[in-house]
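Heads up, the next two complexes both have chain A, just with different partners, chain B and then chain C.
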Partner chain A sequence: MLAEVGLGALLLAFAAAFYALLAAVGAGLRNRDDWLLSARNAALLTFPLLLCSASALLLALLNGHCQISYVWSVTDPTTPSFYRFTALWGSQQGSLLFWSLLLSLYCFSAILLSWREHRRLMPGVIAVTMATLAFFLALSLLLENPFERFWLAADGTVLRDVFIPAGARAPDLERLAATANGLNPLLRHFGMIIHPPMLYLGFTGFVIPFAFALAALASGDLSAAWIRATRRWTLLAWMFLGLGLLLGGRWAYDVLGWGGYWGWDPVENAALLPWLTGTAFLHSVLIQEKRGMLRLWNMLLVIFAFSAVLFGTFATRSGLIESVHSFARSDIGFPLFAFWSVMTLVALGLTLWRQRQGLLRDERAFAGLLGRESLFVLNNIVFAALFIAIFWGSFGAPLVSEVLLDAPITLGVDYYRQVTPPLFALLFLMMGLAPLAAWGNSSLRRMGAGLRAPLLLTMPLLALLALAGMRTPVALLAYGLVTLAGMVALVEIVRGARARVRAWGEAWPQALRALFSRNRGRYGGYVVHLGVTVIGIGVIGSTLFQAETQRTLARGESLTLQNYELRYEGFSQALASDGRLLRVAAVTLSREGREIATLRPRIDVFPQQPMTIAGIHSSAENDVYVLLTGHSETGARATFRLTINPLINFVWWGGLLLLAGTLIAAWPHGASVAARRQDSALQEAQA
Partner chain B sequence: MKWILPALVLSLLTLPALAQPPSDDEVNEVAARLYCPVCENVPLDDCETAACRQWKAEIRHQLDAGQSPRAIIDDFVARFGQQVVGTPTDPTLRALALVTPWALALGALLPGALLLRRWARQRKAASPLQDAPEAQDAQDDYRARVEADLRARR
Partner chain C sequence: MTEVTWEKTAISANRFSGRRRAARRLQFLLAGLLILVASVWLIITGTASGARYFISVDELVSNPQWSGKTVRVSGAVLGPSITWDPDSLTIAFTMAAIPAQFDDLATALHDAVSDPSVTRLEVVVPDQPKPDLLQHEAQAILTGRLGADGVFTASELLLKCPSRFEEAVPDPAIAGHADL
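The block that comes next holds the complex of A and B.
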């Protein structure tokens, strides 16, 4: 029954999306308001329908309806309820449905919230969002149907089909359950309940700015309206994608057992590319809002951000890349590639057409090379260069060398460590300088004056680091740039609050609250800069100063790394309730002769594969990360890999600051909410 | 002097036996520069598949036989191709991998430079009178709002 309900709702959602697409295109071409209203209603209907469909699949997962082949492939009778929930996005079919559900949620919210204010853009917005949704729903219906079931043919063969084949019957459910696969061990982690939804919320969210941009291009209304309508959506999508990336890093750190959080894997990079483009857009859009400049560039950034989302989806789901993060090889590769190409080419074609008509011309002329506009342009160029370098390393070089030179290559961490650091250094430099430059024009003297306080705060920190023994010039330069960028943000916040304290005699907490509530975008942005600074401190520390050693120890023996000593105490084996065999080592960690922790690194042996779960002693200073990489039959001898990751927790703490800053920046301004309420009341009174 | 020759012979005979076998860290140092033959994009030192364990055992064997890390990596590349290393060792492929992104980035820089040049020209063409309000416009929204609030308080 659940399969029928889920499939029916999925079919209806596709029909509604397709109808909304046609009606919206018709409404746009013939200027028919009644068609537009009908398109809107159909588009709004897709969300509750997909919620119904996803709920049916979730119920089937929770209740073990393993006649549905998706349920059979991602759960088994021992799977705990928690992981049955995460199994909704644990494999291709379920995650595609979940993807469509989130996409429809964005469409639902954006159409409802922007309906009155941006009515002129609505035909285009509905057409683009519904075309995207209809495409993904078609993939679910035709190629990766999550409601496909097992059937037993008359001759005893097991068939997989959405509908019951002639002469077939339902198989014995108990026998089916006994052969069920269970969830991929890599996905049995608390982080998996948050990481994929965040990532998908980030990916799907970029459809809204893309839809508004295309609607603006199609309608010819290339005023700042589409920018105003989409900035907050971009910020939201950007925040979710950033959180998804950070949570993915944490998952890799905890589950993949290699002591790091970012391996420059092509699938990780595929998610980073739209985030980089989104970051560039969030900066350059300010120039369009405030100065009416970079209109063509902003249009291209929005297009490339969504194009990168579609390409990343194609790369991850088609089997183009083999990775721990990607889905298995699938038939959806070609349709996804075709959809990505068509959407990108149509968007670029429309942009070129409007550019030739002069509709994307800047409104204002440039005022000076040291103005904030110029620094933002430079910042965007660096983002573009970073995008190119990462895209080239992940997809370009491997494809070109294999197709043209018949020599398959892999570009790994070595490549990214050679190419990306200068670009990241430039980005931090821009992050420090741009807030000090004024719109229009600025002078070196003004910027120098602005830099004085941040520099005075940065220099003693660097001196302290040098005195503490850090003599690597690269590390000092990196910490100098990162800290300077953070200090600029901090000083700007203090400067703004002090102005209020001096002018109005406000207390500091009150001044800070007022400062943030009066200009959320600017000061939220500074908090984001602080978050990025803290992440930068963590990345530099854990990359440049990571220390590692590996040794095989007999019980009672120990190994030493820096001022830490690890002693092997004992070994045990146990069977967990979900069927995995746990091989656990007990080790004592001491620092300078003092015992500080007992850790239990372990190997979880699943039927599919073993997993190495680290024992971690965490502090602000560093993480001591212990892996059990092997052992003798009885556990008399075991091999340990000990890694010290300095400052790694700054990466996660910076993520929290980034989240806080984005929420501040995206939060609706109190005054505008009140104004909107007044407007609505006025409209109702007039009606 | 009599004892020097026998001592030399003895030390030469016992040296290989006394030589330390390669440590896990030495093996991992080489393995970190090679990529897993089974799981793509995973460095060998981080991978615990059977194939990787076999490769690591081979690295250990070659180190034990006195091979240098460079020679071991070259041997793996010769046998399995350029995809076993994180950056190609072949000069052409290495240049393709490392030079192209910079060339492409310069390509991205060019439109930016052209845009700045166009802006600079537009600015020169504009009259000083037109520029004056631009410079004043350096004050941002926030400052304008603070000043409006201050005026209202007065």
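The block that comes next holds the complex of A and C.
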């Protein structure tokens, strides 16, 4: 019954999306308001229908309806409820349905919220979002149907079909359950309940700015309306994608057992590319809002952000890439590739058409190198260079060499470690300088004056690091740039609040609250800069100063690394309730002779594969990460890998700041119309 | 109450003559160009030094041009050949060549280890704990160099066991018990 309900809702959702697409295109071409209203209603209907479909699959997972092949392939009778829930996105079919559900949620919200204010753009918005949704629903219905079931043919062969084949019957459910696959052990982690939804919310969210941009191009309304309508959606998608990337890093750190969190894997890179494009867009869009510049560039950024989402989806889900993060080989590769190509070419064609008509011409030219808009553009160029470098390393070089050379080449971590650090350093430099520049033009003397306080705060920190023994010039330079960028953001916040304290005699907390509530975009952005600074500190520490050793120890023996000593105490085995065999080592961790922790690194042996789970001693200073990588049969001897990851927790803490800053920036304005008028009048007077 | 904001003031554009304005635009263009040229240089040098040719075991063994160069090769692991020294943390095994194109990885791996006429390669992986996935008929993807002694020394070892998650339908045996 659940399969029929889910499939029916999925079919109806596809029909509604397809109808909305046709009606919206018709409404746009013939200027028919009644058709547009009908398109809107059909588009809004897709979300409740997909919610119904996904709920049916979730109920089937929770209740073990393993005649549904998806349920059979990702759960078994021992799977705990928690993981039955995460199994909704644990494999291709379920995660495609979940993807469509989130896409429809974005469409539902954006259409409802923008219906009155941006009516002129609605035909285009509905057409683009529904075309995308209809495409993904068609993939679910035709190629990766999550409601296919197992049937037994008359000759005893097991068939998989949506409907009962002629002469077939339902198999015995208990015996079917006994052979069920169970969830991939790598996905049995707390992070999997939140990492994929965050990532998908990020990916699918970029459809909204893309749809508004295409609607603006199609309608010819290339005023700032589409920018106003989409900035918050872009922020939201960007935030979710950033959090998804960070949580993915945490999952890799906890589950994959290699001591790191970012491996420059093509699938990780595929998710990073739209985030980089989105970051560039969030900066350059300010220039269009404030100065009427970069209209063409912003259009291209929005198009490439969504194009990168579609390409990443194709790369991850087609089986093109071999990765621990990717899905198994699938037939959806070619349709996804075709859809990506068509959407990108249509968007670029529309942009070219409007550019030739002069509708994307800038209102003014750049005044000088030190103007804020110039620095933002230079920052965008660095983002573009990073995008190209990462795309080339992940996809370009392997594909081009496959065609042009005798033997295909792959680019490993060495390539990224050589190419990306100088570009990230430039980004941090721009992040430090741009907030100090004025719109239009500035001078070195004025920027130097603004830089004085942040520099005065940065230098003592660097001196302390040098005194503490850090003498590597690259590390000092990297920490200098990153800290300076953070200090600039901090000083800007303090300067803003101090202006209020001096002018109105407000108390500092009140001044800070007013500052943030009156200019959420700007000061939320500074908090994001602080978050990125904290992440940068963690990345530098854990990359440049990571230390590692490994050895086989007998019980009672120990190994040392820096000022830590690890002693092997004992070994035990146990069977967990979900059927996995736990092989656990007990080790004592000491620092300078003093015992600080007892850790239990272990190997979880699932029927499908083993998983190495680290024992971690975590502090602000570092993580001591211990892996049990092998052992003799009785556990008399065991092999350990000991890794010290300095400052790694800053990466996760920075993520929290990034989240806070984005929420501040995206939060709707609560100020009254009168107050906003006063602000505008004051800003005009200042200009 | 009037709002108070902290904002940098711009230098008026009127202060500059047309020639100075053009010079400032040129500065901006040059800065952008410099970043682009530097990025292209980084990408080219990074590609030149970081590129790893992905070749087959047959090509590696038969073509002397690959000897001593860092390359990636892929093949099927012969289980009985696997040894691991827990003190030196050194793995050694024999790998059989698999074809570049195949329909089913599991079949390709099985055929490779079963056919004694297929090209084989001795592999050593130093400083490496023994992975649980290193077993008979696993696919090994190695990065390393072929030495003059014909032994491939790998600095990176990736393993795949295709049989683990490829079972798409239940065992047909469930049919025999369905009516019990």
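FYI, the second predicted complex is superposed on the first by the 671 of 687 C-alpha atoms of A that agree within 3 Å, B and C clash if a C-alpha of one lies under 4 Å from a C-alpha of the other, contacts with A are read in each partner's own complex, and residues count from 1 in each chain.
The criterion applied here is as follows: contacts are C-beta pairs under 8 Å (C-beta built on N, C-alpha and C of every residue); 3 or more make two chains touch, one makes a residue touch a chain.
Being a predicted model, the structure only gives us computed values, none of them experimental.
A.B. asks: Would chain B and chain C fit next to each other on chain A once aligned, or clash?
C.D. replies: In the superposition, chain B runs into chain C.
A.B. asks: Looking at the overlay, does A:119 come into contact with chain B only (first), chain C only (second), both, or neither?
C.D. replies: So A:119 meets neither chain B nor chain C here.
A.B. asks: Touching A:361, do we find chain B (first), chain C (second), both, or neither?
C.D. replies: In the superposition, A:361 contacts neither chain B nor chain C.
A.B. asks: Should A:30 be classified as contacting the first partner (chain B), the second (chain C), both, or neither?
C.D. replies: The answer is neither, since A:30 touches no partner chain.
A.B. asks: Taking the superposition on A as described, I'd like to know which of chain B and chain C A:171 touches: first, second, both or neither.
C.D. replies: second
A.B. asks: Quick check for you: in the superposed arrangement, does A:549 touch first (chain B), second (chain C), both or neither?
C.D. replies: A:549 sits against chain B, while chain C stays out of touch.
A.B. asks: Give the label of whichever partner, chain B or chain C, reaches more residues of chain A.
C.D. replies: Of chain B and chain C, the partner in contact with more residues of chain A is C.
A.B. asks: Tell me which partner A:181 touches in the superposition: chain B (first), chain C (second), both or neither.
C.D. replies: Only chain C; A:181 stays clear of chain B.
A.B. asks: One more residue to check, A:152. First (chain B), second (chain C), both or neither?
C.D. replies: In the superposed model, A:152 contacts chain C only, not chain B.
A.B. asks: Looking at A:452 after the superposition, I want to know if it touches chain B, chain C, both of them or none. Which is it: first, second, both, neither?
C.D. replies: Neither: A:452 stays clear of chain B and chain C.
A.B. asks: Can you give me the overlap between the chain B contact set and the chain C contact set on chain A?
C.D. replies: In the superposed arrangement, which is not itself an observed complex, chain A uses residues 322, 365-369, 374, 377-378, 381, 385, 388-389, 392-393, 397, 401, 407-412, 414-415, 418-419, 423, 438-442, 496, 499-500, 503-504, 518-519, 550-552, 610, 629-630, 639, 641 for both chain B and chain C.
A.B. asks: In their shared complex, at which residues does chain A touch chain B?
C.D. replies: 256-259, 263, 265-266, 290, 297, 321-324, 365-369, 373-374, 377-378, 380-381, 384-385, 388-389, 392-393, 396-397, 400-401, 405, 407-415, 418-419, 423, 438-442, 496, 499-500, 503-504, 518-519, 522, 548-552, 610, 612, 629-630, 639, 641
A.B. asks: Sort out for me which residues of chain B touch chain A in the complex.
C.D. replies: Those residues of chain B that touch chain A are 23-25, 28, 33, 35, 39-43, 46, 48, 81-88, 90, 92-93, 96-98, 100-102, 104-105, 108-109, 112, 115-116, 118-120, 122-123, 126, 131, 134-135, 137-142, 145-146, 150, 153.
A.B. asks: Enumerate the contact residues on chain C facing chain A in the complex.
C.D. replies: 1-11, 13, 16, 21, 24-25, 27-28, 31-32, 35-36, 38-39, 42-43, 45-47, 49-55, 59, 71-72, 84, 86-87, 89, 127, 129-130, 132-133, 143, 156, 160-161, 164-172, 174-178, 180
A.B. asks: Show which residues of chain A lie in contact with chain C when the two form their complex.
C.D. replies: 69, 72-73, 150, 152, 156-158, 160, 169, 171-172, 175-176, 179-181, 184, 322, 328, 365-369, 371-372, 374, 377-378, 381-382, 385, 388-389, 392-393, 397, 401, 407-412, 414-416, 418-419, 422-423, 426, 436-443, 446, 450, 492, 495-496, 498-500, 503-504, 518-519, 550-552, 603, 605, 608-610, 629-630, 632, 637, 639, 641, 675, 678-679, 682-683, 686
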